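Structures are listed in the sections that come next.
Below are two complexes that have subunit A in common, paired first with subunit B and then with subunit C.
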Partner chain A sequence: MPVPESHEFFIDPRRCIGCNACVQACTECDTHKGHAMIQLDYVDRGASPQTVPVVCMHCDSPTCAEVCPADAIKRTGDGVVQTARKPRCIGCNNCVLACPFGVPKMSTGMNLMMKCDMCYDRTSIGKKPMCASVCPSQALFFGTREEMARLRPASRVLNVFRFGNQTITTRVNMLVPGQAFVESLDVLSALHEPAAGNDAAENVLLDGMEAPHAG
Partner chain B sequence: MHREVRNAAAWAGLLTLALGALIVAGSRSLAHFDAALVAYTFASLFAVFGITYRYAIWLQRPPTAVYWRRGFELFLRRGHLGSNLRLLVTRLVSDFGTNAFIWKRDKLRGLTHMLLMWGCVLAAAITFPLVFGWLHFEAMPDRPDWYRPVVFGFATPAFPVRSLVAFLIFHGLVWSAFLVMGGVMLAMRRRMRDEGAAAVQFFAEDMLPLILLFAVSLSGLLLTVSYTWLAGYGYEFLALFHAITVIVTLLWLPFGKLFHVFQRPAQLGVAFYKDVAARSEPASCARCGHAFASRMHVRDLETVEAALGYRYDDPGEVGHYQRICPRCRRALVALAQAALARGPSSRRAALPAPMPSYANPGLGEGPLGSEDRDNFHP
Partner chain C sequence: MRVDDPETVSAAPDGRPAEAQPRWRRDFPVDGPADEFRSRREFTGLLLLTSLAFAAGQLWIVGLRAFKGAHGSSPVLDVAGVDELPPGGMKVFEYPTKADPCVLVRLADGSFVAYDRRCTHLSCPVIPRPAAGRLDCPCHNGHFDLATGAPLAGPPRRPLPRVTLEIRRGRIVATGLSVEGGRRAEAS
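Up next is the complex of A and B:
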């Protein structure tokens, strides 16, 4: 059964409070038992509480699937890019390194790529993905556009991302401010953006300390 | 006709002809070829054509071509052949002989695959030489109660007809059928009880091969039952039914899930690639400066992506988006979104920026093994 077209995934990293509920819930999904596929990162742990929850964005033209030498990654008719098919995945890492959103993981022992498949066992029977069903701040939300518009009237949805000269359209939407009149999110434009909260006024903790650098 | 199609068709034709020639040579100009098995032979020839064609098309895809070429390049490197051969044998035993990586996914799954794989390998090792006339048994003129297997026209040591060895050899397909049927039942059980597996499975991709393998095994077993205990009752029907199931399975080989049997050895090339990548210069993330993956892999991916029509090249300071590590990619998406809300930051952060870190790897969100760790940070 396909995931209903009317039901979409919405993600708003600005609302993430880093509570880890999504991570815990993700481990309970039946399609990748016991392993959390959601990636939850601190952007700059020393200077900002900003956290980023990242689920698979289910690209229309999934780079992970295209660079897979073993044809292991399939996109279903309803636009869900599924985790690597186990008989085929040869554990080469191409998908892990090529995904523009940094989503897939590589399980060394199992020689298998694993990634979020939008809880296909749940969404294909009309339920919400585990992460979205527990997110207390609605940083992750699964529902209809009408519901989203009602809940977040000041925001609009965007599902076009730009990485250098490449534009990628995704099934998962990102919420952006209603007044942001951009047609796509230029990801590399943020190369020099500091983490939210990490600006001069709030940087008292770092004053006098060496700037963080690679070590 | 595209060049890829022409190449693939040429290879497929060549290998099919080669098998035809081997059948003629191995059966000593068809002297030992059983005409009753001609349908199996033609189905096998078709399967060889289909498998080779698909394999050749598959090898020409940019990502597969890179691994194929690099795999051989790295395997044949001067001074490394010895260690590469050791690695090859180790991987052949652990990955193919014992399916070690599948046991790690799940014990029951490992057992299922071992039963299916060894059942099929045994059946193929017996059936194809018999069908192609490469193997036949001759009664010895001076000792009619002894049989001598003749392989490719060459005599091999004889054995008594009424011996344990003979019993085991002549019932080889029975043992393989038991193995396959056990495996099929375990696989079916998983597909019926595991909600995760049930959600993502397709009938043609996941169920049909199991049904075909079960039908081949069961009909083959019933043939033995018929001539052993039922004085050949229903033998003709069963033989026809068995032939149909085998032929359909052979014809299905190039198209469905069973094609993974031929794709899977690609992981040997990947093993050599990873082995070299682990010891070669790492790439440094253009944002956080941390090492991730190998420079060789990152460069190869840039080439592959360009060949596939992706344009991740960047006119700015990064040069190519592939040079950003996966963690920074995740952070950049969020930072770009936040900048839309509050406007770009007044303070341009200097590079290298801090590397993003897992919010709580203790909850199982962190790396799934050493490789995952290496992908994201040194």
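Up next is the complex of A and C:
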């Protein structure tokens, strides 16, 4: 049984409190026992405690599968990109390097690429993924768009990402502020933006260095 | 978005339709339903099943032969008169049924031998060469000893089934079929 069409995965980074519950829950998934396939990234660790959970976005054109030389990464009929197939994966790390979202992980012990498969064993029988079922702040949510609209009236759902000229739509949705009128998230341009806190940190450092000269 | 149809090609990064995509994209599809995947376990299962089928076939052949040998007496067939064939002469007949071609050969010493004509390799009809003392199978260059029916060279590994002959009142009579070979009927 496939993942129900109406059920989608939503990530709301603004709600993430960095509790790591999702990471712990993920290790208990049956398809990758003991290994967390979700990670918690700091947006700008020097300036903010803000964290953001990173799961596989299940792209409609998965770069990891595109670059796989062994044809090991496959997507199920309902659009869930799966962990590399063990008999095919050659452990070359291409997918790890290529994924713009930084999702696939190389398990060197097993010589196998492993990644979030949206808890396919659970979602395909109508349950929520492990991470979404434990998230205390509902930063990770699995349900219908109607539910989401009702629960977060001030937010908007976005699943279009731009990497230079390439546009990728994903099965996983991000929640953006309702008043942010963007049609897509430009990931590359965000890379070139100076981080919010860097100037302040530099000033502090420079101040500290200049102080002895001044004195 | 659903891609259960095996013909569907997943959205390519350049966004062009499936027809405009290079051939390799169809050969190495991203979508699982379009992928012809056979795991090692499935392949091993196939090998195992094939081996079992071969083994069962061999047992069937062995059983069939034992069953045939155990049941029924061989028919008696009048093949030819003793004086009908000169030394080196031969005669084709069917024994024990009309579907089993056999050949009777008179050797240079006056004795008679008869064999199933079907080569034990792939059932091509063998051709007696009394002058050379052999039976030749033209299909794959197999050779049998004319005196005993034993394979001499070529692909066949088993001797030709031999027709047991008796002389009854001046007639050559076939009395049985022996896979291992039989006595030579002396014309005296």
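Note that in this section the second predicted complex is superposed on the first by the 189 of 215 C-alpha atoms of A that agree within 3 Å, B and C clash if a C-alpha of one lies under 4 Å from a C-alpha of the other, contacts with A are read in each partner's own complex, and residues count from 1 in each chain.
As a working rule, a residue touches a chain if its C-beta (ideal position, glycine included) is under 8 Å from a C-beta of that chain, and two chains touch if they have at least 3 such contacts.
Treat the numbers as computed from the prediction; the structure is a model and nothing was measured.
With both complexes brought onto subunit A, simultaneous placement of subunit B and subunit C is prevented by a clash. In the superposed model, A:Gln166 lies in contact with both subunit B and subunit C. In the superposition on chain A, A:Asp71 contacts both subunit B and subunit C. Using the contact criterion defined above for the overlaid structures, shared-chain residue A:Pro62 touches subunit C, although it does not reach subunit B. Subunit A is touched at more residues by one of its partners, and among subunit B and subunit C that partner is B. When the shared chain is aligned, subunit B comes close enough to touch A:Gly102, but subunit C does not.
When the shared chain is aligned, subunit B comes close enough to touch A:Thr27, but subunit C does not. By the document's definition of touching, both partners, subunit B and subunit C, reach A:Pro87.
In the superposed model, A:Ile38 lies in contact with subunit B only, and not with subunit C. After superposition on chain A, the stretch of subunit B that runs into subunit C among 1-9, 181-189 or 235-243 is 235-243.
Within subunit A, the residues touched by subunit B in the first complex and by subunit C in the second are 63, 66, 71, 82, 87, 166.
Residue ranges of subunit A in contact with subunit B, taken from their complex: 12-14, 18, 20, 23-24, 26-27, 29-36, 38-47, 50-52, 54, 63, 66-71, 82-83, 86-88, 90-94, 96-103, 105-112, 114, 117, 120-122, 124-125, 161, 163-166, 174-177, 180, 182, 185-196, 198-200, 211-214.
The touching residues of subunit B, when paired with subunit A in their complex, are 58, 61, 63-64, 66-67, 95, 101, 104-105, 194-196, 198-200, 257, 260, 263-264, 266-267, 270, 273-274, 284, 286-290, 292-293, 297-298, 301, 304-305, 308, 310-318, 320-322, 325-342, 344-360, 363-365, 367-372, 375. Residues 2, 5, 60-63, 65-66, 71, 73-79, 82, 85, 87, 166-168, 171 of subunit A are the ones touching subunit C in the complex.
The part of subunit C that touches subunit A in the complex is made up of residues 1-4, 10-13, 15, 28, 30-33, 35, 37, 39-40.
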